[in-house]
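Quick heads-up: structures coming right below.
Below are two complexes that have chain A in common, paired first with chain B and then with chain C.
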Partner chain A sequence: MTKIQINGREVEADPKQPLIRACHDHGGDVPMYCYHPGLTPVGSCRICQVEVAAAPGQPSRVVAACRTPVSEGMVVSTDTPKAHDTRRECLEFLLKNHPLDCPICDKAGECDLQDYSFNEGQGKGRSSEPRRKLEKRKSLGDVIVLDEERCILCSRCVRFFSDVTKKPQLTVEGLGSRSVINTFMDKPLEGNYQGNLADICPVGALTSKKFRFQARVWNLSKTLSTCGECSRGCSISVEALRAKEVKRLRPRYNAAVNQWWMCDTGRHAMAPITRPLAPEGAVLGGRLRGAAVRGYNGLELADESAATALAADMLAAHPGALLVVSPFATQEEATTALELARALKATPHFVSPAANNLKDDLLHTGDPCPNRRGLTELGFAPIEPAAALAALAKAPAAVLAGERVLEILGHEGLAKLPTKLRLVAYDVETSDIPALDVVFPVPTHVEKSGHWVNVDGHRGVLNVAVPPPAGVRRLDANLAQLARKLAATPVGS
Partner chain B sequence: MKDFPKYLLSRVGLPESHTLRTYRAQGGYAAIEDVLKKPWTPEQVIGVMKDSGLRGRGGAGFPTGMKWSFMPDITKDPRPRYLAVNADESEPGTCKDRVLMEKDPHGLIEGCLIACFAMRAKAAYIYVRGEYRLSYNRLQAAIDEARAAGLIGKNILGTDFSCDIWMHKGAGAYICGEETGLMESLEGKRGHPRPKPPFPAGSGLWKSPTTVNNVESIFNAPFIVKNGAEWFKSMGVPKSTGNFLLGISGHVNKPGVYELPFGLTARQIIDEVAGGVWKGRKLKAFFPGGSSTGLLPASMADVVMDHDSVKAAGSMFGTAAMIILDETASIPQVMDVTARFYDHESCGQCSQCREGTQWLHQIFRRIAHGKGSMADLDLLVSLSNGMAPAKTICALADAAAIPTLAAVKHFRHEFEECIRLGRDPLRQDTQHAPELHEAHA
Partner chain C sequence: MVVVQRKELTLAERLYLPEVLRGLSLTFRKFFEKPITRQYPEEPLPTDEVTRGQPRLVVKDDGNIACVSCGMCEIACPAYAITIDGGETDRTIEREPKKFEIDMLRCILCGFCEEACPKDAIFMSNELELADYTRAGLVYDMEKLKRPKSALQRRIDYIYKLNNRWRSKP
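Take a look at the complex of A and B:
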C-alpha cells in the first residue's frame, strides 16, 4: 500500500489502482463519466480532475484522477476551488451539446450528468449555438436503443465489449464533435450481455428497450436479491414500482460473483415473477390465490388448514411417498422440506432439468438450477424431470414443492400420471393435472426472503421485493405445518 | 543578411538528388559507416546528440539527444524498441519535411539508421502524411535502393548491426501527427492520443520502448555525427543550435522553404528572405510557427526567431512555419478558418476539446459573419482557458486555445469592429457560408 494524503488526511492507497479509486475509498467526492472500475481507464471525459502535488509544499497541478497513478507522499485535494473550477469548466463543455431533455429521459434520477450538473452546474448556459441534431432513437438490436444527442462519448459502452465480453461490437465513428457511437457496419448488437450497456451508460444515451418509459426511477424501490436464471446466482437489485410491481432487474456489484454485470437472460426473466393472478374464485388460468383441493368439479379453492389436514391424512394413509422440491427452493425451504422427508420417510430429491445452451465464459453457467449446490449440500439428490415422472407414475403418493416445480417437471407429463397417485403440490401456478389432489400457492423468489448457494459456494440473498398476493404463505411455513401434522398422524396409521 | 553555412538543403538542388548514387557521391552514408566501423558505442552517439543541443523540429523543441537517452537500459529491459519518425506533417503552414523526403530521402534513412543504432532499435517506422504521395514514393524507392545496397536489413555494411525501416501512410487525420495518436494509428487503431504517463519511451508502440522524432530532427543526426557537436553549436544561438528549415507562406513575395540559422528576427526573415510583404502592403500579423502558435501583431515583428525568444514574446517557435498576413487580412476571418481546422481535426476523446473546438469555431464564425456580440469575446477567452493549458490528453485543445487567446488579445479591436458594424469591413467575398454542421441534420 502507498501512503498518500487526500483532503488533508493520511490514507493508504492501492498502488495498482488509479488515484480516483483512492479518492472514492476515502470520501473524496469525484465525479466520473468515462471511468468505470470494471473497464480500462481512458481519461477522456476529464470530469474527474483533482488537484495533486507530488509532496507537501510542492507546486500542485490539476490532473485526471482516473489516469493518475498513486505515488508515495502525493497530496491530493478533491475539494479546492481550483479542482472545482476545472471540473465545472469541463461540465460546461459536456453540456454544450447535451439536449437536457431530462423530463423525458429514462435515465433522469440516476444520471451521473444530471446529478453533477445539479450539484455544480451553472443555472444558465453560456452557449447560444444550436445543439447537435442527431438520431434520437437508433436501435442497436433487440435490447438497446441509442440516443445520439444525449451521448457524451465516454466510450464506456465501446470498452464494455472489448474489455468484458472480449468481442468488440461498438466503436466511435467520425471525428471530433461529429463523433457518434455505432456498431460495426450498422450490424445489430449480439450476445447475452447487451443489457449492461444501459447500466454503464452514465447518461441516457443507451437505454433498455424493455424498461423504456416503464417507470420513473425515483418511484422504484430497490431490493437486494439474487438472480435465479442459472447457478451463477448473480447479485441483483429487484426494482419495483412503488414496491408493488417489478419493473427492472439490474446487477449489483459483487466482487466474488458477477462484479458489475449480469446476462440478458437473467435481466429479462420477468415472466416468472410478474405472472398475473388467476381470476377471482378460480384455480387455473394464473397464479394460485389460495389452497385448492380436488372436489366434485375438479380443483376447487379450499380453506388452507383443511387442505393441510387432507394432505396429511392422504400421505399418512399412503406410505412410500416421493418428495421432490424445486431447484428454486431456498436453503430455508429445503431445511423444512428435510423435516417433511423425515416424517414421510422419503429420500429428498430436487428436480434438475438438463443444462441449457446459454453457457458462456463470462457468467452464465448453463445450469438452470440456482440452488443446486445448496440443495446437494443439504442432502437432496438431483433427479431429471423424465426420471421424476417415471418414479411418480409408480409411487403411491408424492409431494412436489417449490416455485415452478410443476412447470419444470412438465405439465404434459404430469397430466398423464395415473389418478391413483396421491399428489400434493406447492407451486405458484398449476394446470389441470388429474392426479393432483391438493395444491398450495407459494411466493416467487422476489416475494420471499432466503438464500441460495451458487455454483462456487457463495450464499446469495433473497429479500421480499414485492409482497406476495393475499393468501399466499411462505413455503417453509406450509411445509413445516404439514410435517407437524404428519408427525402427529404417523405414516401408515 | 550575412552569409551562413548551409547543410540541410545542401543536396536538394542537385540533379537526381533523391537517388542513392547522388547521395553517395555527396558523402552519403559515411556517417553511419563511421559509427558502425569505428565503432562508436550507442552512448557515444547519444552523447554527441546531447552535446549538439539539437532541439526537436516537430514543434515542441524538446532536446533530441535527451529524448533518445530516455530509452530504458537494454540490459534491464529486453523488450524490442522502436523508432517512429513523424512525417505526418499536417500543421497548417508547415511544409518543410516534405522537401527533405522528396528531394533527399536517403538523408532521412541514414538519420534513421543512426537513431536506431543509438537507441538499439531494431526497426524504424516512418509515418508519412497520406497526402504526401511523392514523399512516400521517393522514400519507398530510397528504402528499396538502400536495402539492395545492404544499408537496411540484416548485418548492415557487414557489421552485426541490423535494422529495418518500414513505411506507413496516414489517412488524412491531423491528430495522427500527435506522437501517441501516431502510435495508435501505426498499430492499426483509431488515432486517439493516449494519456501520458506512460510515456512512449516506457511504453510506446506495441507496449515497447519507442521514440517518436520529427523528420527534420532525424535528418540532422548524420550531420552532427559527421561534423561533431562543436560544429553544430557554432551555428544558431546558444539555446537553439544548428540551422532550421523555415516554411514561410501567406502574403509574401517569395513563399517557400528556406534553410536559416537561428537568430534572425521575424522582420528580417519576411523582408530579406521572403522578399517582403506582397503588393507593397504592410504587415498586419503573423503566425510564427504554424497555426497552433499564437498570432503576433506586426509590432512584434522584431522578435528573434528562436525557441526561447518567441516563447518570451508569448507565442511558440513551433515548426517554424510562418504565415504572413498583410493589412487587408481580416483577423476574424483568419480565426474562423483556423478554428474550423481544429473543430474538424479534434479526435473527440476529451470533452473540452471535442465541444470546445466546435464552440470556438461557432463563435468565430458568427463574429466573422457579423452575427457576434461583445460578450462573445470574453466567452472566447473563458472557453480557451477552460481548454488549456494541459487540461486534456494531448495538446490539440491547447493548439486551438492558444491562437484564440492571442487573436483576442492583440486584435480585440477588429473583432469589436465586426460586432459593432454587423459585418466584417475587410470581407471581400459576399457569399454566405453554409450553416455549421449541416451534415448532421
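Take a look at the complex of A and C:
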C-alpha cells in the first residue's frame, strides 16, 4: 500500500489501481464518464481531473485521475477551485453537442452527465453554433439502439467488447467532430452480452430496445435478487414499475460472482416472471389464482385447506410416492421438501434438464438449474425430465413442487401419464394434465425471499420484488402444512 | 353576578310599527339595485387567464399531443393524482404517453404540473366544473384531457409572460 494525501487526509492507496479509485474510496467526489472500474482506463472524457502535487509544497497541476498511477507521498485535492473550474470547462465541451433530450431520454434520472451538470454545470450554453445533427435511432442489433447525438464518445462500449468479451465489435469511426460510434462494417452486434452496453453507457446514447420508454427510472423500485437463468446465479437488481410490474433486470456489482456484468439471456428472462393471471374463476390459461382439485369437469378452484387435506389423504392412501422438486426451489423450500420426503418415506429428487448450448467463457454456465449445488448438498438427487416421466408413469402417487416444475418436465409428457397416478403439484401455471389431482399456486422467484447456492458455492439472495397475486402462499408454508398433515395420518394407514 | 342593564325604549320603538316600516324600506330599496348574486348553472362564473382550473393536455396544431411522458408532472404532483405510462412513436420526438390519467378527485388544482412541464404540454384550463355519478368516471384519461392549443392559448401566453419576468435580460 502507498501512503498519499487526499484532501488533507493521509490515506493508504492501492498502487495497482488508478488514482480515481483511491479518491472514491476516501471520500473525494470525482465524477467519471469514460472510466469504469471493470474496463481499461483511457482518459478520454477528462471529467475526472483533480489537482495533484508530487509532494507537499511542490507545485501542483491538474491531471486526469483515471490515468494517473498512485505514487508515494503525492498530494491530491479534489475540491479546489482550480480542479472544479477545469472539470466545469470539460463539462461545457461535453455538453456542446449533447442534445437537450432529458424529457424523452431513458437515462434521465440515472445519467452521470445529467447529475454532474445539475451539480456543477452552468444553466446556459454559451455556444452560438447549432448542435451536431446525427442519427437518433440507429439500431445496433437486436438489443441496443444508438443515439449518435447523445454520445459523448467516452468509448466505454468499445472497451467493453475488447476488454470483457474479448471480441471487439464497436469502434469510434471518423475523426474529430465527425467521430461516431459504429460497428465494424455496419454489422449488427452479436453475442450474449450486448445488454451491458446500456448499463455502462454514462449517457443515454446506448439504450435497451426492450426497456426503451417503458418507465421513468425514478418510478422503479429496486430489489436485490439473483438471476435464475443458469447456475452462475448472477447478482441482479429487479426493477419494478411502482413496485408492481417488473420492467427490467440489471446486474449489480458482486466481485465473487458476476462483477458488473450479466448475460442477455438472464437480462431478458421476463416471461417467467411477468406471466399473466388466469381469467377470473378459471384454472387454465394463465397463472394459478388458488388451489385447484380435479372434479367432474376437470380442474376446479377449491379451498386451500380442503385441497391440502385431500392431497394428504391421497398420499397417505397410496404409499411409495415420488417427490420431485423444481431446480428453482430455494434452500428454504428444499429444506421443507425434505421434511415432506421424510413423511412420505420418499427419496427427494430435483428435475435437472440437460445443459443448453449457451455456455461461454464469461458467465453463463449452460446449466439451467440455478440451485443445483444447493439442492445436491441438501441430499436431492438429480433426475432427467425423461427419467422422471418414466418413474412417474410407474409410481402410485407423486408430489411435484416448485416454480416451473411442470414446464421443465414437459406438459406433453405429463399429459400422457396414466390417470391412476395420484399427482399433487405446486406450480405457477398448469396445463390440462389428466393425471393431475390437486394443484397449488406458488410465487415466482421475484415474489419470494430465499437463497440459491450457485455453482461455486456462493449464496445468492432472493427478495420480494413484487407482491405475489392474492391467494398465492409461499411454497415452504404449503409443503410444511402438507408434511404436518401427513405426519398426523401416517403413510399406508 | 351579572346585572343586565335593559335599554329604555323610546315611544317610536315601543309603537313597533315604525321600526317594521324602517326595515321594510331597506328591503324594497334593494329591489331596484343591481343584484350581487348569480344564477350559477345558467350563468357561469367569469374566468380569465389567471383562473387555475383543471389541468388539460395540449394538442399541437399538427394534431399530435405535446406530452412526451417525461414524468415531471407526475413527480411534481403533491397529491399523486397523475399516472403516466410512456411508449415509443415513429415521430421525431420518439416518446409519447400511452396512458395519461389524472384522478380529478385527487387533483388539488395547485398548478405544479404546469410549472414542472418542460414541453408546454399541460396547462391549467378555465374549466372548473367537476361532477359525475361514479368515482371511476372522475379519473380522466387522455381523451378526456386533450384540448386543442387554441383553447388554452390565453393561459399559455399568460404563463410565458409570467416566466419572462424572471428570465434575465439579454
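By our rule, the second predicted complex is superposed on the first by the 493 of 493 C-alpha atoms of A that agree within 3 Å, B and C clash if a C-alpha of one lies under 4 Å from a C-alpha of the other, contacts with A are read in each partner's own complex, and residues count from 1 in each chain.
Assume a residue touches a chain if its C-beta (ideal position, glycine included) is under 8 Å from a C-beta of that chain, and two chains touch if they have at least 3 such contacts.
Because the structure is a prediction, the values reported are computed rather than measured.
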Clash or fit (per the criteria above) of chain B with chain C on chain A: fit
Given the superposition on chain A, what is the angle at the CA centre of chain A with arms to the CA centres of chain B and chain C, as a multiple of 10 degrees? 90
Contact-wise, after the overlay, does A:Glu89 reach chain B, chain C, both or neither (first, second, both, neither)? first
Does chain B (first) or chain C (second) touch A:Arg178, or do both, or does neither? first
Per the overlay, which chain contacts more chain A residues, chain B or chain C? B
Does chain B (first) or chain C (second) touch A:Ala64, or do both, or does neither? first
Tell me which partner A:Arg137 touches in the superposition: chain B (first), chain C (second), both or neither. second
Of the two partner chains, chain B (first) and chain C (second), which one does A:Ala309 touch, if any: first, second, both, or neither? neither
Could you grab the smallest C-alpha gap between chain B and chain C in the overlay, to the nearest Å? 12
With touch defined as at the start, can you tell me which chain B residues reach chain A in the complex? 173, 175, 190, 195, 197, 343-359, 362-363, 379, 382, 385-387, 390-393, 436-437, 439-441
The answer for chain A against chain C in the complex is residues 102-104, 108, 136-137, 212-216, 218-219
What does chain C use to touch chain A in their complex? 68-72, 74-75, 85-88, 92-95, 118-119
Along chain A, where are the residues that touch chain B in the complex? 42-47, 49, 61-62, 64, 67, 69, 86, 89-90, 92-94, 96-97, 126-127, 129-130, 132-134, 152-153, 155, 171-172, 174-179
